[in-house]
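Take a look at the structures listed below.
Both complexes below contain chain A, partnered by chain B and then by chain C.
Coming up: the complex of A and B.
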């Protein structure tokens, strides 16, 4: 086997694995801070008379927010890694430790962002008599910051791996921005459904969908005491986080995998990607059929 | 690439990026399984999928325009199909609802009835077959359009300037990412947070998106031409 192919194979495997873990962590981070579309439910709750203890840092869409963390961490990491290289540190160590520095700075920025976002959100609930609970802010804050650190670190490493081992010609900060925005939109589109439609509404019947009239009637009691945002990620990580991870990991892995072959010259990856898209579409149709057969029509609506 | 051709490429690519948003099923209320479409805003989802296409197109940039555009289109399609498949999976196993569309009675491709499976008081859940196909068409358009902007900017800069190739690629990538973020947000004013793709009645408002994206793309294209060639 040629060494170039071996490097590529290692790069594809490593990139897929890191993307997978980044997917889990990013979904948990958004759930811990109610950062995505389900935040609308957290905001509706005080308006219908529910006093909540959720941490709500949703003042920006999840994709641009996540893209900002990843791009900022990667830019700092790139600059610091040059300095480390000047100091005579080996290049792999330099990149790794620089990534840790970049992610640590971004984690502090995310903490400030979260505090001010939560304060301003709760302040806007003042007409609905929602008090500002410090425990609702200070308990999930370090947790959310830790998850932001891991997300930024993993996306920075992923940017360096795809730039270095897989040979993507973009500069690592741009790659980090691309991954950040993509992962943000994937996590927002897949994993957060479990938070918004199941975790926030566990006292409603499973499979009933969330009617517009029920919106805002979210869970207030947790397994122990009042429900706050620390209670959320461990629940959503089991399915929501894994599904997000699968989606992002599959994209990065399959995109890299199609570049390992050369049977049709430069068009090989295009042909393979088209085949993969068709196969996944067939899976989608099969899953729709499976779901319809498993659950059947909604009770009382069989004849509609 | 001739700078004038490249400028036209940027304009066409920008317009296609704007149009793609109408095809990608997305709805913010989808996060509560209360509406058909991927559970996030159409604009941000289109930007995310377009950027994934840009990442794929980056590998092929030195191999010519056609392969770059096709790579970008398929990279976007891969992203959107993975997201839709797994969003359907989480709706099936996490929230217990089947994919249902709100805008048609019977699925035009599979012929499956939709209404009996829709929870009362909602507009649908996740992505049935036709809606998913619309998403793939949208992603192909968006990824292709974004990659056209990317390849055109790259072509213009390599033709006129003497900047190092690696820097040119990153600059072109940033321009393409900027076009994505700009032209994906413009259709949000007609979609107002929700679309079911090609079966949605909001497709009739496509001309408005076309005009607004054309104007913004002409600004970007002319500015790029002026910045690179004239100045």
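Coming up: the complex of A and C.
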């Protein structure tokens, strides 16, 4: 096997694996801070009269905040790695340790943003008599910061691998921003559906929606005691995290494979990506038909 | 909820965003020229750049109070994208990266684009948000002047190096987040303008701390200006957080170390 192909294959494998782990951790991070879908329930609960003990991180939607963590960590890592290279440290060591430095700084920034958002939101819940519980903030905070550290570190490494081993022409910070925003969107759209609602509202008919008076019920009782922000990732790691990881890892992995072939010049990856999209489309249509045939139509959509 | 302040009284106390915007533009332009005269005075310029974030956050607050919901992040994203693109584009157009006219160009172009898009949303899409065009240009113009000053600090007095281009993504997304987050973070029935705008100051100093760290490490960038930005941002962060926490504590219903809601089984 040619060395170039071998490097590319190692790059594809590494990128896919890192993307997969980053997916699991990013979804857990957003759930620990009630950043995305659980957020609406956390926000609604005090209005319905349920006092919560959740860490309400709420950093402006998952995609932008995740984009900031990744882009900031990667930019710091890049400038630090240049300094390391000046000191005579080897290229790979420089990149890895610089990525750790970048992620560490970013995790502190994430903690600051999280504390700001939590305290401000609790203060804005004043008309609903929601008190500020310090322990409800301080328990999940280091957990959430740790997960943010890992997400930023992995996305930084992913950006460096894509830029270095896979030869992507864009600069690593830009790649990190794009990866961060896409991972945030995937975790928000794919992963956060499985945050426990399907278990707590299982006595409602599937697809019937949740009444306003039932909003926020999900935030009250945990597996043991009062439900808090550490319980949500406990549940979400099993389904939401792995589904996010699967979606993001597959995108990076399949995209990487297209770089291994060169049969049609610059158009190779366009043709291969089109084939991948068509195959996925056919499979998903078949899956949807199979599900509807097996379990019947959604309530209220019998005529569709 | 009888002890709530009546809505009219709240309205009366609030500062109109257009005033914040005018102040931010004046301080921004002064900050720019200070930096142009002497790059080592970057720490003064960065203080003068923070009001731009306050004005932008005020614009987001005004627009999103009318129930935009998840649109909070979209509007901040969009407004900063306009401001950032205008600033980044001026770098590529002019042979001399930053000149005497730069702040006026970015403010005027940013404001016009923001106004046109806001007007389209108001007239064509009929979103029924009062002063939508005005608040839109407040966001875009504020983002433009803030990014201009940050970029000038990082560019070692106006020299566009290849290394500088690597910082564009983080400058864009960082500014977007600090403009849209103050309102998003303070969302709720008891949200107040004073607290939201103070949070904008806290976050502005936090993000300039991050830019300061990047500037200190950036090759070819002047070390002293970036260090000045880093130190003054950290001091600003401490001062603003203490101020903001006073207001937050006053507004919070109750502050306890631990406990459970009364009358709920656990």
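The definition used in the following text is that the second predicted complex is superposed on the first by the 271 of 304 C-alpha atoms of A that agree within 3 Å, B and C clash if a C-alpha of one lies under 4 Å from a C-alpha of the other, contacts with A are read in each partner's own complex, and residues count from 1 in each chain.
In this section, a residue touches a chain if its C-beta (ideal position, glycine included) is under 8 Å from a C-beta of that chain, and two chains touch if they have at least 3 such contacts.
Quick caveat: nothing in here was measured; it's all calculated off a predicted structure.
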Original post:
Who does A:171 touch here: chain B (first), chain C (second), both, or neither?
Top reply: both
Original post:
Touching A:107, do we find chain B (first), chain C (second), both, or neither?
Top reply: neither
Subject >> Touching partner for A:83 - first (chain B), second (chain C), both, neither >> reply: second
Original post:
For A:225, is the partner it touches chain B (first), chain C (second), both, or none of the two (neither)?
Top reply: second
Original post:
Who wins on chain A residues touched, chain B or chain C?
Top reply: B
Original post:
Is A:129 touching the first partner chain B, the second partner chain C, both, or neither of them?
Top reply: second
Original post:
Looking at the overlay, what does A:259 touch: chain B (first), chain C (second), both, or neither?
Top reply: first
Original post:
Where does A:8 make contact in the superposed view: on chain B (first), on chain C (second), on both, or on neither?
Top reply: neither
Subject >> First, second, both or neither for A:153, with chain B first and chain C second >> reply: neither
Original post:
Can A:211 be said to touch chain B (first), chain C (second), both, or neither?
Top reply: first
Original post:
Shared contact residues on chain A for chain B and chain C?
Top reply: 61, 63-64, 171, 174, 177
Original post:
Residues of chain C touching chain A in their complex?
Top reply: 1, 4, 70, 72-73, 76-77, 163, 165-170, 172-174, 176-177, 180-181, 184-191, 195-196, 199, 202-203, 206, 210, 213-214, 217-219, 244-245, 248, 251-261, 264, 266
**OP:** Using the touch definition up top, name the residues of chain B that touch chain A in the complex.
**Re:** 26, 28-34, 38-41, 44-45, 47-49, 51-52, 54-56, 58-63, 67, 70-71, 74-75, 77-79, 81-99, 110, 112-113, 115-122, 125, 127-129, 132-133, 136, 166, 169-170, 173-174, 177
Subject >> chain A residues touching chain B - in the complex, by the definition given at the top >> reply: 36-38, 40-41, 61-64, 162, 166-171, 174-175, 177-179, 181-182, 184-186, 188-198, 201, 206-215, 239-240, 243-244, 246-247, 250-251, 254-255, 259, 266-267, 269-270, 273-274, 276-277, 280-281, 283-285, 287-288, 290-292, 294-295, 297-298, 301-304
Original post:
What residues of chain A sit close enough to touch chain C in their complex?
Top reply: 43, 47, 51, 53, 58-61, 63-65, 67-68, 71-72, 74-76, 78-80, 82-83, 105, 109, 112-113, 116-117, 119-136, 171-174, 176-177, 220, 225-226
